[in-house]
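In the two complexes below, chain A is the common chain; its partner is chain B in one and chain C in the other.
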Partner chain A sequence: MKEMKLLTEWAYEPSKIHHGYSRKTLYVGLGNKDQKYSFAQKDVSDDMIDKFTGGRGFGLKLLWDAVKDTTKWNDPENEIVIAGGPFCGITQYPGTGKCYSVFLSPETKQTYNSNAGGYFAPFLKFAGFDAMELQGIADRPVVIFIDGDNNRIQIFESTAEDINAYAVSEELHAYFAKDEADKRTISVVTSGEAARTAWIAGMNFSFYDVHRKAVRLKQAGRGGGGTVLYHKNVVALVIKRTHFTSNENDVVDLETIRKAGVSIHKRIHDQDDYQSKMRTVGTAHLDEIMNDYHLLPIHNYKFGNSPEAVKIRSDEYKKLFTQGTADGCWYGCSLACAKAVDHFVLQYGPWKGREVIVDGPEYETAAGLGPNIGIFDPRWTIEANFYADHYGLDTISLGTGTAWLCECYELGLINKENTCGLDLSFGNKDDIMEHIQRVARGANDFSIACGKGVEYAREYFAEHYGSDLETMKKIGMVCQGLEASEYRCQESMAQWGGYFLTLKGPQHDEAWLIFMDMVNKQLPTNKDKAEALFFFPNFRLWFSLQGLCKLPWNDIEPADNGVRYKGLQAAKVPEHLGNYLNIFTAITGKPLDEAGMILQSEKVYNFERVFNLRMGKGTSKYHVAPDRGLGPVFPDEWMARPDYFDGKLKEFGVNIEGMSTKDKVALLQKYRRAQWEELKLAVYHRRGWNKNGIPTLATVKRLGIDYPDVVALLKKHLKPEDEFEPEEEPAKA
Partner chain B sequence: MITVNGDKKEWEEGLTVRRLLDREHFSFRLISVWVNDSLVDKPFYASFAIPDGAEVQIIHNICGG
Partner chain C sequence: MQVNAEKCVECKQCMTACSTAWFKEDSPELSRVKIDVKASYVNINICSQCGACIGICPTEAIHRDANGVVQIDKSKCTSCLMCVGFCPQASMLFSTQEGKQTEPFKCIACGICARKCPTGALQLINVPDAKK
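On to the complex of A and B.
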């Protein structure tokens, strides 16, 4: 890489971390294409810790203060805020390298938070910051360097010729490292060339794999964070931190953390091969399981099971993944789910013939860029995974969006003329790979529209190609502007809520209730479902406040967890929950019980909901479940499991004799749509929201987030006719 | 007939827990099985005969990653 010209630099006095917090955040302002760079070290108040805890909570608070009600994703005042949390950087317990990025999203037009594992967040904290805000738009492509060794921030004019993730990350690790060994002290955040035109571009977070002597990438892929980064003219954000101790967080009680760590490391060692096989396969072990339960998305979620799925079993991936190498993405994570394929020779695209290391694929990618687009070929999926990461494309939105595109093509809603010559039938490997390359390049108007996500593309197709908008809406697995992740949810009513009654759209990080609901039948009533859709989103959000990965919570469990506990209690994995509560106290010195944990989350959950209201969304009309999410849309879906679906219709007391399949499809959709509306009200009621999905004044007051601007905003939107009656019970069975 | 997680299912002579799990394609590993409220330990899945009319609970112990 050619030498980069230093544009500006700023020195700071590092704050020492104490009990998990440095109590300072970093502000980097890029001006408004005017070279007016600015920097600041901001204090973290007691109130901020009390109300927002850390991580995503800090991100939301800082973003709230930074933007106006009218701010759009591409305005200079939009920020990317990156933060870990009090657990971040702990090396004695697995899963503590997560960082959470918060921004206004080009895709969803509201707040988004996306996370990635790796070294960046711990290094940021060790450099003296609980969070960093990146605001403004630079007048030229820049590289921002946080030098945590010398306590200074530098902004360079980028000389990168190839801005794609693997290329630029490798160059910057080499550029800022003194020697080979020093490369591990660096982490790079970048996107890729897709971010120029696509709204589904994510951020890649690098770490240096000393065993392979290569850069590895983890993705905060969802929501378009990479698009925002590119729009700010930031080619890369680089951090360096060489020295740190095993107690950099200066915790209150290291011994408690050590003991909990020893216990879970032993469990991972003894049990993982019999449970989730994270160390040998990673999350791709889910492929065959999802197929067995009719949950694997096949042909744009039309089907959930296929005999062809045998070709993408985890055994097939295991053969390709390099084994026997530590794959933890941060020190101390023995779950080591970050699989890699070494010596992979690319078959397509500009790097055809080149040997590369590919990270993943994880389950979501294996399913989205696999059966969902009709491809049952692990090598093709691995190659698509490589290019998606390299170009900065979010593999989930890309997979779900392409699946929808293939169905549109097969239904004749778009044709070869529209696609500029590509046959986008399901399973057409060559043309689909070419489509991915074109989306990354923004090669033509069709590719650019596809890169902006399903919600944008369907409006574009309707306007420019005359495609039927209603059909495209029925089959598009998208809500609030975000494409769904890779689980077929239509047979689990609770998971309708887990996808479509969420803060940011159908990403399963709020709740994954399919087994509890559809298989175990532990949530029979709306009241049960509403309780789960209150509890789990808050329980799971807590991880995002702390800088934690969720996998060590329940992808490894005590061997007797399922027999010692039942129902909701078993689902919490009480022993691991206890570890987290104990460790929180051991880090911060503050006592915490389960109720306190949920309360921490509720504050942020409701604040985020209010934030989305502020940005023009955050009401009931954006909680829309597409037809494909609720059940079959076309007769061929019904006929894949005729007895099953006939049975479902009979449960409503329908005499199906003599009915056509088309009529059955329509009737089941009608009944399920009514169930969906009932579920929605039950969930809103349980969350302390009104019938329009807005937190009530009583709710924000109870949570202590009744700041004057929050209250003023709510008063503008809360209507008497939307209030639940005190005696009203919306949670009917 | 037996019930499995509340749903009526066919019973067959010599039906074991293992056979039932295979028949239902319940391949997930983190499960616990109760027959008439008695826990069946994993080593006995292949030998434990499920009686006709039994209430079987097969609990999948995960709420997503």
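On to the complex of A and C.
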């Protein structure tokens, strides 16, 4: 890489971390294409810690203060805020290297938070910052360097010729490291060339793998963070931090953390091969489980099970993943799910013939860029995964969007003329791979429209190709502008809520209730479902406040968890929950119980909901479940499991004798749509929202987030006719 | 280290010698050799230098030296303790005492314990292929 010209720099006095917080945040301003670069160290107040805890909470608070009600994703005042949390950087317990990025999303037009592993967030904290705000738009492509060794922030004019993730990340590790061994002290955040035109571009966070002697990438893929980064003219954020101690967080009680850590390391050693196989296959072990329960998305979620799925079983991926290496994405993660394929020779695209390391695929990619687009070939999926990461494309939105595109093509809603010559039938590997390359390049108007996501593309197709918008809406697994992740949710009513009653769109990080609901029948009433859709979104959100990965919570369990506990209690994995509560106290010195944990989350959950209201969304009309999410849309889906669906329709007391399949499909949709509306109200009520899905004044007051601007905003939107009656019980059995 | 548990008389002089040599105090928890009395036999737990921990370490802080002994480079260690949880013989140890070293520790075949052993239950011997 050619030498980069230093544009500006600042020195800073590092703040020492105490009890999990440095109590300083970093602000870097890029001006508005006017070279007015700026820097600040901001204080973190007691109120900010009390109300927002850290991580995603800090991100939302800082973004709230930075933007106006009218700010759009591509305005200079939009920010990318990156933060860990009080757990972030601890080396003695697995899953503590996560960072959470918050920004106004090009895809969803509201706040988004996306997380990744890698070393960036721990290094940022060790450099003295609980969070980093990046605001403004540079006048030229820049690289921002946070030198945590010498306490300097520098902005360079980028000389990177290839901005794609693997290329530029490797170059920047080499540029800022003294030698090969020093590369481990660096982490890089990039996107890729897809971010120039696509709204589904994510961010790649790097770490240096000392065993492979290679740069690895983890993705904060969702929501378009990479698009925002590129639009700010930032080629990369780079951080360097060489030395840190085993107690860099200056915790109150290191021994408690060490004991809990050794205990879970031992459990992972003893149990992982019998439980989730994270160390050998990563999350791709889910392929066969999802197929067995008709949950694997096949052909744009039309079907959930296929005999062809045997080709993508975890055994097949295990053969391809390199075994026996420490694949954690931060020190101390013994769950080590960051699997990689070494010595993979690419078959397509500009790097055809080149041998590369491919990070993943994880389950979402294995399913989305696999059976959902009709491809049951792990090697093809691995290659698609590589190029998606390299170009900065979110593999989930790409997978779900392409699945929808294939169905549109097969239904004749778009044709070869529209696709500029591509046959996008399900399973057509060569043309689908070419489509991915074209989306990354923004090769033509069709590719550019596809890169902006399903909601944009269907409007574009309707306007330019005359495609039927209603049909495209029925089959597009998208809500609030975000493509759904890779679970077929239609047979679990609770998971309808887990996907479509979320803050940011159908991403399963709020609640994954399919087994509790559909398989184990633990949520029989709307009230039960509403309780689960209150509890789990808040429970899971807590990880995002702390800088934690969720996987070591329940992708490894004590061997006797299912014997000692039942139902909801077992689902909480009480022993691991206890570890988290104890460690929180051991870090901060503040006592925390389960109720306090949920309260911490509720504050941020509701603040985020209010924030989305402020940005023009955040009401009931954006909680829309597509037909495909609730049940079959076409007769062939019904006929894949005729007895099952007939039985489901009969549960409503219908005589289906002599009824055509088409009519059955329509009737089941009608009944389920009514159930969906009932569920929605039950959940809103439980969350302390009104019938329009807006947190009430009583709710924000109870949570202590009744700041004057929050109250003023709510008063503008809360209507008497939307209030639940005090005695009203919306949760029918 | 060659172990012959049947010769052990449970005097635990080995543990005293080890912890005193390495931590300057007589502490069973800090000894790198452990004498456990099971229901009907004595178990001597001491690192066999098998090296399973080497591949587990995320920082390459653990390596086999020229004599075939598995060593921990403290300057590279982040005290994650994964090696403790993954040791197949539970011979990688750590201290739960506040203020003690945060890094894990293990037997490095120094022979201090063997020299103190009055019965020959512990003996330091050269193994020809240990360097592999």
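Methods note: the second predicted complex is superposed on the first by the 733 of 733 C-alpha atoms of A that agree within 3 Å, B and C clash if a C-alpha of one lies under 4 Å from a C-alpha of the other, contacts with A are read in each partner's own complex, and residues count from 1 in each chain.
Definition applied: contacts are C-beta pairs under 8 Å (C-beta built on N, C-alpha and C of every residue); 3 or more make two chains touch, one makes a residue touch a chain.
In this text the structure is predicted, and so the values were computed from the model without any measurement.
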Does the superposition put A:91 against chain B (first), chain C (second), both, or neither? second
Chain B versus chain C as contact partner of A:211, first or second or both or neither: second
Between chain B (first) and chain C (second), which, if any, makes contact with A:563: first, second, both or neither? first
Touch check for A:246: first (chain B), second (chain C), both, or neither? second
After the superposition on A, what does A:325 contact: first (chain B), second (chain C), both or neither? second
Thinking of the overlay built on chain A, is A:227 touched by chain B (first), by chain C (second), by both, or by neither? neither
Looking at the overlay, what does A:22 touch: chain B (first), chain C (second), both, or neither? neither
Which part of chain A faces chain B closely enough to touch in the complex? 274-276, 283, 288-289, 292-293, 508, 511-516, 519-522, 524, 536, 550-551, 554-555, 557, 561-563, 566, 570-571
Write out the stretch or stretches of chain C touching chain A in their complex. 55-60, 77-82, 84-86, 94, 96-98, 102-103
In the complex, the residues of chain B that touch chain A are 5-7, 25-32, 39, 57-65
In the complex formed with chain C, which residues of chain A make contact? 91-92, 184, 210-211, 244-247, 254-255, 258-259, 261-269, 324-326, 328, 331-334
